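Take a look at this one; I'll ask things after.
Labels A, B, C, D and E are assigned to the chains in the order they are written; within every chain, residues are numbered from 1.
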Amino acid sequence: MNNEFEPKVVAFVCNWCTYAGADLTGTSRIKYASNVKIVRFPCTGRIDFMLLLKAFANGADGIIVSGCHPNDCHYTSGNFHARRRWILFRSLLDFMGIDINRIQFSWVSAAEGAKWADIVNKTVTNIRELGPYMEYRRAANFLEANEEELTKELARNKEEEVKHG
Amino acid sequence: MSKIGVFVCHCGENISATVDCKKVAEEAAKLTGVEVSLDYKYMCSDPGQTIIKEAIKEKGLTGVVVAACSPRMHEPTFRKACAEAGLNPFMCEMTNLREHCSWVHEKNDQTTEKAIDLVRMLVEKTKLNKPLNEIKVPVSKKALVIGGGIAGIQASLDIANAGHQVILVEKEASIGGHMSQLSETFPTLDCSQCILTPRMVEVAQHPNITLYNYAELESLDGFIGNFKATIRLKAKSVDPKACTGCGACYNKCPKKKIPSEFNEGLGMRTAIYTPFPQAVPNKPVIDKENCNYYKNGKCKICEKVCPTGAIEFDKPDEFVTENVGAIVLATGFNVLKPDFFPEYGYGQFKDVITGLQFERLASASGPTLGEIRRPSDGKVPQKVVFIACAGSRDPAKGIPYCSKICCMYTAKHAMLYQHKVHGGESTVFYMDIRAGGKNYEEFVRRAIEEDGANYVRGRVARIYEKDGKLIVKGVDTLLGAKPVEIEADMVVLASAGVANCGAEELAQKMHVSYDPYKFFAEAHPKLKPVETNTAGIYLCGACQAPKDIPDTVATASGAAAKVIGLFSKDELTREPLVAVVNRIASHDVSTCVGCFMCQTACPYQAIEREEVKNRAGEVIKTVARVNPGLCQGCGTCVSFCRSKSIDIQGFSNEQMYAEVLAVLNTP
Amino acid sequence: MEKQGYISEIKEHTGINVNRCYQCGKCSAGCAVTDEMDYPPSMVMRMLQTNDDENYKSVLQSESIWLCITCQNCVTRCPMQIDIPRLMDYMREQSLQKKMVSKKAKNIVSFHKSFLDPIRFTGRSYEIGLVAGYKMRTFNLLQDLNVAPSMFMKGKLPILPERIEGRKQIKEIFDKTKKEDK
Amino acid sequence: MAELNSKVKELFEKDLIDIFIGYEEGTRNPRPYFAYSAQDADNLVFNDKCQGNLAVYLTRKDLVGGKRVGISASYFALKSISQLFDENQLKEDLLIVLGMKEDGSILEFKGLDEIRTYLSEAKAPSKQKDDELLKELSEMSQAERWQFWSDELSKCFKCYACRAACPMCYCTKCIIEVNRPQWIQPWISTQGNMEWQINRVMHMAGRCSDCGSCGAACPIGIPIHLLTHMMTKTVAANFGESNEQGNVLSTFKPDDKENFIL
Amino acid sequence: MKIGFYPGCSLKGTSSEYAQSTLALAKAFDIDLVEITDWNCCGATAAHNLNHELATALPARVLALAEKDGLKEIVVPCAACYNRLSVTQHELNENQDLKNRVEEILEMPLSGNLEILNVMQFIDRYIAGKIEGKVVKPFNHKVVCYYGCLLVRPHDVLKFDRLEDPQSMDILMKKIGADSMDWGYKTECCGAGFSVSRTDIVGKLSGKIVKDAYDRGAQAIIVACPMCQSNLDMRRPHINSYLKTKIDIPAMYITQAIGLAVGVSREDLGLKKLFVAPTFA
């Protein structure tokens, strides 16, 4: 075992394009980093933004979201809906200081086996550089960590109350 | 408590060469709820499937996870095996250890670790799977064919001959379409009418075909197997039951100078008319736009001369509603009027005509009875120029695509001209000759080699008139773009084939997708060439893209085969991977608040409004309901629903959530 | 990947992708001066499409690029709306910069330069200056001797050049946009 | 002011409404008031200090269910009302909406179309302070923004006053109450609080009137209205101001612009 | 409202009769045309043949000056200038970078909303409506209207009339009683700027134009471009030698023709300045 940080990357992909594209990567025997695990959805339109947050909360360091190119959606418009959602979601996360560089969006068609390998490798390299995503995970027990500080603050308040009494 | 069976496949060495399958099976066995976990060389083989089936029976498994190749490959195989062993097939899931793991990673511990993660994901998902039953939809075995050209005729006859009822809707007064206008057909030069007319008659006489001529689709509801089509029967002003087709009316009609659509404006027709002598049905209609009575309230000569009293003025359009199980769209194409090319002077110079007009000139039933005579003065043109790609391959003024049929019909025109006008000179300006097809190239060569059509490679820049001649200015690009100037008597523009007028509106009515040129879009350009994205609606002929007659007929029979296939069963079964709105026990506990964002988002119009009433029968709220016949299971609605009231079977919120947590190995 | 070479340079400077041309020849067919040209416009397009430096050189050294009168017949009829006149402008600029101007086109180039000279100094064009400058450049001293007197007679040639107030500004415009030397 | 009182009186006297949702004088600012009779109408006030978005009461079944309602609506309340119509939550024949002109006189809207026309012409009240804060935040580094919001949201104790104050939060079962799966941690933690706010704001996208009631309602003063304000601006910047079909998220344009998808 | 007037260099020199007749016609209809203060040459074909940036900056100065004069619309009788000014305004409006660069060179701002009218547009807007009542001497001659290149192309930018078979001149000519005929050379090139440098080409191209007009029995070629006019008129010796015959159909400006019809004097229209004199006037 080496000590290098191995990022955990979850890929949310649609069944018709990117999943099939990743199948093609396999049949073409193109190698890519094994850090990525694919969760299959019927369509990018199905991918709930909460699942992305859940992945971060539960230890994912990076996320790939990928589906059919515009106009290629098996369901005609799921990817268009998804695109709108991601435009807003990204700006909200960015505004809240959540690291959007850890989410890679892409369109990978069933014919783009090589592109899929490329995206995975790029994302893994990128996340490896960014390091583990601790901030978001730590926020889960933020209060616990600050309990001490809170106690102090409460005490201080009390003192002041007494002073002003 | 779940009892999951995990079956790890070696796929020969495809998986086991890089993944320690045994270890995967061992680790999977440790997962909560996993009852049995084993590995085998070929899970998809008969013995492999037997292992699964026996495990289901012996251990009473509630779910199966097969860790093998892509589910896109073998999911149906294993689901079928489970069903055979008495387990609901939708309790079986696959995880992809081959394409997504063994084939793309090196042999090492991490690869095996990933394989274990992948199995864990699907085990956690499968625990939350619910038994699902295939959706059964009844099929009404009656087809609607829209468009009565050769495509619609062929499709109707094929379906009708298989014993099913067909409703054929044609917007014009007669069926026959563009093919009935053609003179001869390439590459055999047999007469178009001669091969088409018997088919038209067959349609009229077929006991299984109901023909609505002069009619259009008004609206369409429903879904595959259960469409409800409302058809507008435009008022013909002639009662077809009473009319015997004697022709007294149009012989006496005083309005005789209306440009005939059938003759592409080269001949005239009356206000009460049949489009052409061989029309089916051969009964006239009144063109209200041009009829004296409809325009100024006086005339009614036809009414006076009609021996059977069939004329009925001022009747409104009627509507009929038909329940059909499948629809074939065969609305054909249109020829782009090349008046957007001011440099060619179409519309300005009478002797610049379109290919379709040339067909009428060459047709024995045409305005010149098959003699080539130019429209301006009726003289036989001694020099004719044919210009290919007049509109096609011209993103600037026309259309960017190749209209496919023009090379062939231009060669045919040159040939027909040479046959009919001895000593005449024909010049064809072309850029490329696209003659891919059985006997097509030979046909073009014949026009050049035997009939002496002069082919010049280059596009004409301009045509102007001088002293009764049309001066055509082009170049021969094969001679270094050397100018070529021809004083022609007539110019024929191979105008482009475009989508029929009203195609977009019709597509929207039917929720069929269409391309930027308003041609209807296939579900898959190669593998589903006659299907649309809307289940139960099929395509054929030139409404998809310009097509020649052989291709049109082939797709028409293809579409018919799809319809006949659909009608071969009384019920339609569909995968139950569709959305559902939560409704535990009674309606009013639905958490749906009826905002209908899902309805806006659904690409299939699968979301309906359902009124929830109390005992007094008052509507207390309106909630969403998914029509499982229409839902295709994309799940877009699911991620829209704020209150999570809508969910999708097989990819439910709980399942996906569990899968994500399992990937990250979070308990 | 886009190929390196002059095709991409042309695209960068003019926005024209010469590979869009599919050689229908309509430009040449409508061109007013095709039969004067050593390479008709469609041939120029074809030569540029080869991305072959020899062919590029032939274009830059051709008379064709100087014979183009910018009548715009080609681009208005081109099915791909390729702006050939703009391309010709660019070829002329390149030809001048690379000092490859065809000897046969000397008259035309001299005329253009002579036309601009008076503008540079007075702000307006000045036919006598133009013609004089042109003659100096071409040594065509006898040309138009037959027309000029009657032009004077008809009051068509003012003897003194018009000068505008903003001459300094005009000179600056020339200086700031200057690309090549005379 | 008397104009409103007499107008509402008239509505009651002509028996056109059962309840009027308006404001009465409060200790500092006017507060919501429900008038049930012509006499009650005397207590009503309506001026530019009336800030709370009264549209929130229009979806409270216990208050208005089946009743004919009159309401005095601020600019933001009108926006919410218009959106609620889009979402099938209101019935035109059960609602009489009164607005205020710039000169303070009362405006009675005859139906939804008039409200829409008014909104398309009226200028949105300035949000200068919020805009400044927004600018300040967006100029911070990502780490600083994270610090800011994790500090702020660490204080939240999930009272859901933000939800209660919002006219758009009318679900009978909020996602926070959905427990299969448990989308949002129900206990108090910065992460769970964030998840709640992210959900809330994503659910507001394209629907929010930008009234800021959520922020005003927060007992701890977390500036959560900046999130919705930012979302409103993002939606407008990316997809345009108006959308005839309701929610921007349930519609799309094939040429929506993005620059982050590979 | 003030209507600006940009004569351009040709109208100050070789084609002074065009300016003269335009102004005379405007005067006859009580329209005041104000010359743009201190205008400069638009650079014509020469500039854009040699240097694109120069070819933009020169006309841009004219536009800026017109805006500075507070003009909303300007009349540009010369087709070449009309073309250059319109194309420049269009390019600057489309390309912000170029606009910035040009504004920097000129040190003058540009709004880009100037309305640039050619002579037909001007007549159409301010004169055509009153023309019929004012015709004192119908122009009852067979004519062909010659539009040339620069009035109609590039169509996307100029958006003037129909591209291949324009009608605006014909319509005006018919209004003053002329028999305006269809012919083959409405928009073919006359040789344009090659007048001096390649007179042989001009002889040939203009020759074809004159020949077609002659063949159809035209008594005059009506033009609206000083370059076309001078090629068809002044280069008649070259034309005749190319055609190996002598054709004496005059090439006259549309402003002259209309002027004659509404009774403006021959002197005011500068008819004397035509090399090939119209026999009927």
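The definition used in the following text is that a contact is a pair of C-beta atoms (placed from the backbone, for glycine too) under 8 Å apart; a residue touches a chain by one contact, two chains touch by 3 or more.
Note that the structure is a prediction, hence the values are computed from the model and not measured.
For the remaining chains, with subunit B not counted, the touching-connected groups are A, D | C, E. Each step here moves to a touching chain, and the least such steps from subunit A to subunit E number 2.
In this view the innermost chain, defined by its CA centroid being closest to the centroid of all protein CA atoms, is B.
Set against one another, A-D and B-C show the most C-beta pairs in contact at A-D. Once the centre of each chain is set as its mean CA position, subunit B and subunit E turn out to be 53 Å apart.
Centre-to-centre spacing of subunit B and subunit D amounts to 46 Å, using the average Cα coordinate of each chain. Once the centre of each chain is set as its mean CA position, subunit C and subunit D turn out to be 65 Å apart.
Separating the CA-averaged centres of subunit C and subunit E is a span of 21 Å.
Residues of subunit D found to touch two or more other chains are 183, 249-251. Residue positions of subunit E with contacts to 2 or more other chains are 163. Annotation for subunit C: residues touching 2 or more other chains are 73.
If you check each pair of chains against the touch rule, the ones that pass are A-B, A-D, B-C, B-D, B-E, C-E. Those residues of subunit B whose C-beta lies close enough to touch subunit E in the complex are 342-343, 345, 348, 462, 464-467, 471. Note for the complex: subunit A touches subunit B at residues 6, 8, 10, 15, 19-20, 22-27, 29-32, 34, 37-43, 45-49, 51, 54-55, 58-60, 74-78, 81-82, 85, 117.
On the subunit B side of its complex with subunit D, the touching residues are 591, 593-598, 600-601, 622, 640, 642-645, 653-654, 657-658. Those residues of subunit C that touch subunit E in the shared complex are 32-33, 36, 67, 69-73, 75-76, 89-90, 92-93, 96, 107-108, 110-113, 115-116, 119, 123-127, 130-131, 134, 138, 143-144, 146-147, 150-151, 154-158, 162, 164-166, 169-170, 172-174, 176-180.
Residue ranges of subunit C in contact with subunit B, taken from their complex: 22-31, 34-35, 40-43, 73, 77-81.
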